[in-house]
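What follows is a group of structures, each given as structure tokens.
Note that chain A is present in both complexes that follow, paired respectively with chain B and with chain C.
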Partner chain A sequence: MAPPLSPPALRRLLLLVLSLLITSVAAENVEEFTEELLLRPLPDRKALAHFHFRSSAPPSAAPSRHHHHFPKAIAQLVHQFHIKELELSFTQGRWNYEQWGGYDPMSTNYAKPPGVELWATFDLPLGEIDATWKNLTHTLSGLFCASINFLESSTAFSSPRWGFKLNEGNLRYGALPREAVCTENLTPWLKLLPCRDKAGIASLLYRPSVYKGYYHSQKLKLASSKSFGIILDQTLTVVLQPDSVRGKQLHSADGQLQPSWSMKDLFNRKLSGKCLVSKSSRVFFEIEKNIVDKVDKSGTEASWTNEIFVLSSAPDRVLKEINNMDGHSSSICEYDVSNYNEDAPLDVGVTWKLPLIWSCTPAPYHANRFLMGSGNERGSISLSFISTNMHKQLFDVSNDCSIKAVVFQVVPWYVKVYYHTLEIFIDGNNKAISEVVDKINVTPSEDKLFPGTLEMLLRFPCSMQSAALSLDFDKGFLHIDEYPPDANQGFDIPSALVTFPEFNSSRSYPETDSLFVSPLLRTFKEDGVVKSYTEVLLVPLTTPDFSMPYNVITFTCTVLALYFGSLLNALRRRTGEEERELKKAGNPTMLICLPVYDAHISCVI
Partner chain B sequence: MASGRGGIPGPSRPCRLPLLFLPALLPLLVLLAFSFSPSSAVAAAASPGAMHNNNWAVLVCTSRFWFNYRHMANTLSLYRTVKRLGIPDERIILMLADDMACNPRNNYPAQVFNNENHQLNLYGDNVEVDYRGYEVTVENFLRVLTGRHESAVPRSKRLLSDEGSHILLYMTGHGGDEFLKFQDNEELQSHDLADAVKQMKEKHRFKELLIMVDTCQAATLFSQLHSPGVLAIGSSMKGENSYSHHLDSDIGVSVVDRFTFYTLAFFEKLNMYSNASLNSLFNSYNPSMLLSTAYYRMDLYERPLNEVIVR
Partner chain C sequence: MAESDGDESQPALPSSEGGDISGSLSTPAPTDGDKPSPRMSKPGTKRLVLTASVLLSFLIGLPFLLKSTEIHRSPLPSEAIADLSRRLHSNPPSFPCVLHAVFLLSDRAPSGLANRMEQAISTQLLGFPAASTAGNISVSVTVESVGVCSSSTNVASPWRCGAVTTADLVRGDEVFDELLHSALGGGGADGMRVYTIVVVDSDTVEGLRTVIGKHRHAWVVGKVDETESVSIIGNAFVKYFMNGGIEEGEAGIVKGEFMPVGSDGNVVLSFSLLNADPSDWVYDWEFEKIGERMLIPVIEALQPIANINIESQVLYHTPKSSYSSSDDKLGANVLTMGDIPFFVNSNEWHLDTSISATGRSKVLQFVVYIPSARECPLYLQLPDGKLSKTNAFISPMWGGVVIWNPPSCSKTPGALNKMPSQELMETIEIFIGQLRQLFGLKSSYHAQIMDGVTKFITSPKGFAQCKSYYNFASHMHRGSIHPI
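Coming up: the complex of A and B.
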């Protein structure tokens, strides 16, 4: 039997317990910051790097209070504009759904349309939302060095009811497809982080390599409520081509090896420690389900080292996905950055030993959009869906099985869409609209006032291989002042969004640490319906001859000058007047200068 | 001060008495006038209580399209110099009409060079552009100068200078006789600029203003200025073109203009604590190297040219 504790020890124990209790209670009112990085090899010899920074501030009664790590600019933004949810993304490049997957949490949440996309829901009466949206766009443009203020006018944003996200009318959505994204957008985004880009995972961001990628998208997501305060998620998703110095060996049997890469190859530097303010700092290496599948087939168990590939160092933990139906699940190797420092930096990477070809799970349909027609008067927009047969593995293909798809599209007013010309073709056969369209909500465009919004719920039969929708439009005329300086390039129609509400891309991983759940893994677990964005369309509109005002002024002035000149000349000029004046004066050396009315002076001695 | 009664004793009639004192008062008045005039002259020259206490820079690049890479490089070189010599991002308004660093034609993404040797990446890691792309218009430029914005415009896009500010205004692009072209579809004329500067002076938005213009026939752009406290430097005179310095065969376009190149060469030798003077800057411009005559207009500037530009 253990000896009883002496009174001083007992007191110390009590104090310890009390302090633990107090800190655990106080911890709920403390700002937290976590940083994470996810690395994943992609089938087409590229690598995906996803940075995830989460900052949270507890709820407080007063809008003004002291902040420790949470950026004050964001807290002020949320309070001033009464924001419930906001998402702002800056993207350059197109997410390649065919190669990089369309059915995982990454492509659902972080594949964004090119340019700037901003949507926000407000906690205000419906009449005040438009004015608040306008002020919000200006503030964000100052905060992020982008011309988001172009979304202020009613011709640039729309308010979808259910096509984008179900809401009661307090959602506003706007996109600028042609906005350039460069270092000046990343700079203020990084300044919102407590350690900026000086320490921790953000120190990996070597700008030339980030902007050399095939796709990069930085996103800011805000959610605020009275119960949990404000949560700010900043993510940066980059798809890079690693310098394939090590990877170009040809394997004799099966073709080329995938390139071996590590963080040093991607970002030119290694991680030398975490941001000291962060609650946790981790690097994840994701081995996808299809890779696990193939490695298992080859005989060895797919852990961090096997016959086909080996990771550069042993992970601290390996998490296997749970609740997966067909038995194979992806796994994530976790590295805790706090175990590393400047003397022993962390450099996570993969070395391939045998060639491997795999594919990422796609969405049920590949959605593409393109323009049809020629000339400067009219054209058509066409949306095509090509089945990937992936749903056949998940659903029983019976006759009355159908797949729902929601289409949301905003078209600027100068592309005047005629919604009555909607035609739907399934497997090449023209179908009646009522057979395929369950619900449709159209807000037709009004010239110079608002864009045209289309929200459609379609029902496709499971056995369908391809479908196409088309809408005719007329090209409108703009006033000469409304043309941008490079008008001959054309005008953009922002990406359309196609959602498949019956398909869910969430994944759950075991929570090993009861006190702390990784925010990245938590976003993976959230309900995410499968989404894909279509391409941006470039519509050439008729441009006027911009030099015409100058030409008109020149011609008119010349004509008027000639007319009045000749008229006044004819009325006032007397022939032989100069000689008569001279004879009267009688001074041969005097110079007589008389103005002649066709605008020159003739001098006669 | 002489006082006392002087003058001719006249008839002692009451209505003439004040007149007696007039000649005596006259020298008194004259002396009083003299004592007041120097202080009033001083008051006219500098607004009361205005000490130089902050610096601002407004850097404008007005050209779009890839072949105008050098104008962007000019502006970014000045941006880098101005930041290096001590003006923080909050006091710099940078207007770039197009995106060169992340342009698909740029072989070196997120990097802008002003020299063939690619030694210096002007874009760096911490650039903040206030007005970009289609936002760089004559209207926005004049709004920045005069401070007349809509209420929603954020503070980072405003020129919040006061009567103690020294402002550097640098403009580059394509220009001509009395105008500067903005983005290929607008022009800023010299009298618009002069009016904006006049408004700025009346609203006490600057103590001293230095205008540098690097375009063809640059000196004509500030020919209409008439506000005191303004110093202007142009890269060429009327009828002359300003030329680019060299072509970078890797990037494929000219990367810097001559005037800015030599201006930078002067500034690269300085640091925050140097005491170089404007005079030495002007003397460093060699017309044969510039292939044009750098012209400066000093008649509106009161002090002799012996102070550093951004200090």
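Coming up: the complex of A and C.
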């Protein structure tokens, strides 16, 4: 039995609709740009920085060709390819769901699978979508200096119906797990911002510290409609290890202690003002629910300065989350960057007064994916769910309650999955598929044509501690031309996505300022169904001996050379003649020598 | 191998043996005593055959080897290309060109004047190199005198007799131009384009006055005799209608070699406003209102040549890449001609090629550069030391740049200013001039007096009908050769 849609959720939905209406009214047919940065300490001595830039273009009857702040390239892209929604992410590293949280807006919206992930919905007849997708991948690949054009081939993208996002067949999804992400992808992304990284919050993007981080995900999200025009959200999420010099001074003995840090430690620079064309420019410092709890327990109020920690400067505002179920809520300190300038730069940071250990709220299940079996012929994929017992705090656990989970997985054609071999183990016992699987949609792969897509709605009993799914597969053979460079490294299977549709991580904050609503906090309020991506799998396939043609050529050439060489040698050389020549040449000396020899001999005689 | 050895050693062996034996017999030396006997027999034919067969088999195998290691190259239709180029060389494409001369005479005309004039003009046109290469020019003449019209054999355009009289001249050139347009049937919409030159015989005007109208016609006013009028008609036709008024080797004009039109006939005009340093001042513009209004007539006029799209954007933090030097005398910063090639900063100016310009279409960038407070005001200096009037320059096939200095160069940090609409209009006028130059025309015919007597009536579109036809013809001409 699923927990019913609670009244707070309904209210949230209403709020969402209302807020959308407000935005469309507030847009006033002007292009707008806002920049925001969210900082948050993480339990494992790291810090999260989330940059959020929103550019919006007003709705227009005809495709607008004149832009002031909105990037021209994106507006043209939207009109050219009739894009309704698009999301492109470049990620390096893997979001650590155990440590960094799995049940907050950050992990559900901004934790992305490694490599490139692209999905788009189109406002086109179904027949034209595939061709448009192909053109789109090429355009994006040119725009972002990435090999997104590899998603052009029909073996690389799929069209999920409900496992990824509910749609009417106009969604295309593709992922490139092996794409390396680096500064050549960041530069074109920055070019879409009016001030690039010359001024404003983006000037903090000091490349060495961004790429030294444990995780960074650069995302571009586009939404376009007739009612609100085009909204472009550019986000960059980085997890960094702060320079822990100051932390060590405090308590160098305890390795578990939180380091104190500020923006200067993270990015090697302070913030000296906003981008002049931005409508608003804000920095948020988020204090998580579990920290607020601990501070409350210590007896002081969780403001910017308390017994446990102190922020480097007084915030302009403190926002408290509008409460969810269990009474505790996170709070956000807000700084308005326009109050700071080069003489008085902003350097938000935290200094811990007391050692504090806390943890982030995890997702209801930790989802992991493994590869089983050995050899180059067959293997199996298994997906494991381990309960974090989080739902027990949220719901009343009765015996017959259940939790839904949606699994979406795309497998390349050369990994030939036998879907009938699906086996499900719950707490170690093999269960019948019909007991657990509510709904399943399988698109089998076709050799060199389509990838295999699996969409599955599972229903786990609430009391379950662990579950495992396994699927067997055969490894296919590729043509020699189809192998990528360094084929012996193995082939990547893109991450699977696990969604828990009954869990919503959205957070809402009071809107004290009716004129300004933060786009970042608004995205926290929007659709926040808990999601988590699994690991990328590395499947070793049988690789041909790529040097074989070479070997054949060298062998053949050696044999031919030997044959022709010795044959010609034998034909050309005339041993008898040579001997004669030798004699001819040798005789005069002999003649001179001989008398001497003779004389000598005669002498001797 | 053994066989060949045997074959080889057979004639040699006995001799050496013989030598050995004889040596041992004749000389006391135990070995190699005697001079060996010369080779007695020719090399065996067997060996020759074998050598030849090895060589042959190699030669036979060679084509197979070459074939198997060959890289596939798709064949080019080289013959067809060569054929086309030969045909174009021997028979260059020519466009039908029709000249219609109309004489408005105040006194009675002698009979047969029309035919005589036609003959004279035709022979005169043959003398011009430009006219003779353009292909067949057919000439027709109409003579109207005292309300009676007589025409030569093949009249190209209908001339409504009596629609225009000498008296209409006093009503001004613009009115006369429209009158002529209506008298000539409003310019036939069909493919056959006719150029008309009207010679108005008038005593009231001193000297000679040639006016080039908007609609493929010109008129000459003055007292002229027959031979003089023939030469005037010929000159005017060749100079203005056929060459678009461009003189050989004239400065400031892009040679017709480069037509900034993509081979699919699309051109994107991308207008950008660059704020070099927004911390000093930020300027925005109302391009969608003013720019569109001023540019749409131009686009319509150029419709026969190219399909033109306009787009605009505002960019920030875009410094120029050349250094300006401050000039104390002028109290300004100046850029000399030598600095201009380094002005466009492709690292920081992300002008972007347009996604809407797909395939082989061409993007022309038009840039308004607003200097930072440090380099304000910024002027371009001509080689003769004077400052450029327009403060702008073009780069062929790329586009144009206008430097716009904010009023009084006073810092307004944080404020969002708008470019004054009057200044924006002036800037766009400069851009239209630059566009004309990029298309190979003079930037402006306004108030330009050539030969002291010629006047141009300019169309508000900036591109008169005859110019765009001229452009079209030259573009088509190149377009047809392009694939080679």
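Structure notes:
Please note the rule applied: the second predicted complex is superposed on the first by the 515 of 605 C-alpha atoms of A that agree within 3 Å, B and C clash if a C-alpha of one lies under 4 Å from a C-alpha of the other, contacts with A are read in each partner's own complex, and residues count from 1 in each chain.
Quick note on the criterion: a contact is a pair of C-beta atoms (placed from the backbone, for glycine too) under 8 Å apart; a residue touches a chain by one contact, two chains touch by 3 or more.
Here the structure is a predicted model, which means the values were calculated and not measured.
In the superposition on chain A, A:N96 makes contact with neither chain B nor chain C. Of the two partner chains placed by the overlay, chain B and chain C both lie in contact with A:T139. Residue contacts after overlaying the shared chain place A:S203 against neither chain B nor chain C.
When both complexes are overlaid on chain A, the residue A:L276 reaches chain C alone and has no touch with chain B. Looking at the shared chain after the overlay, A:R65 reaches chain C, while chain B stays out of its contact range. When both complexes are overlaid on chain A, the residue A:S217 reaches neither chain B nor chain C. Judged by the touch definition given at the top, the superposed model places A:Q80 against chain C, while chain B stays out of reach. Of the two partner chains placed by the overlay, only chain C lies in contact with A:P194; chain B stays clear of it.
Of the two partner chains placed by superposition, only chain C is touched by A:A570; chain B is not.
Residues 139 of chain A contact both chain B in one complex and chain C in the other. On chain A, the positions that touch chain C within their shared complex are 64-69, 72-73, 76-77, 79-80, 139, 191, 194-196, 198-199, 275-277, 564, 566-568, 570-571, 574-577, 579-580, 583-584, 586-587, 590, 594, 598. Against chain B, the residues of chain A that register as touching in their complex are 92, 134-135, 138-139, 141-143, 145-147, 149-150, 152, 179-184, 187-188, 197, 207-208, 210-212, 483-486, 546. Touching chain A in their complex are the following residues of chain B: 64-65, 99, 101-103, 108-111, 123-135, 152-157, 183-185. Of all residues in chain C, only 1, 4-5, 8-9, 11-13, 15-16, 19, 27-29, 32, 35-36, 38-39, 43, 47, 50-51, 54, 58, 278-279, 282, 284, 287-288, 291-292, 309-317, 350, 352, 354-356, 414, 416 touch chain A in the complex they form.
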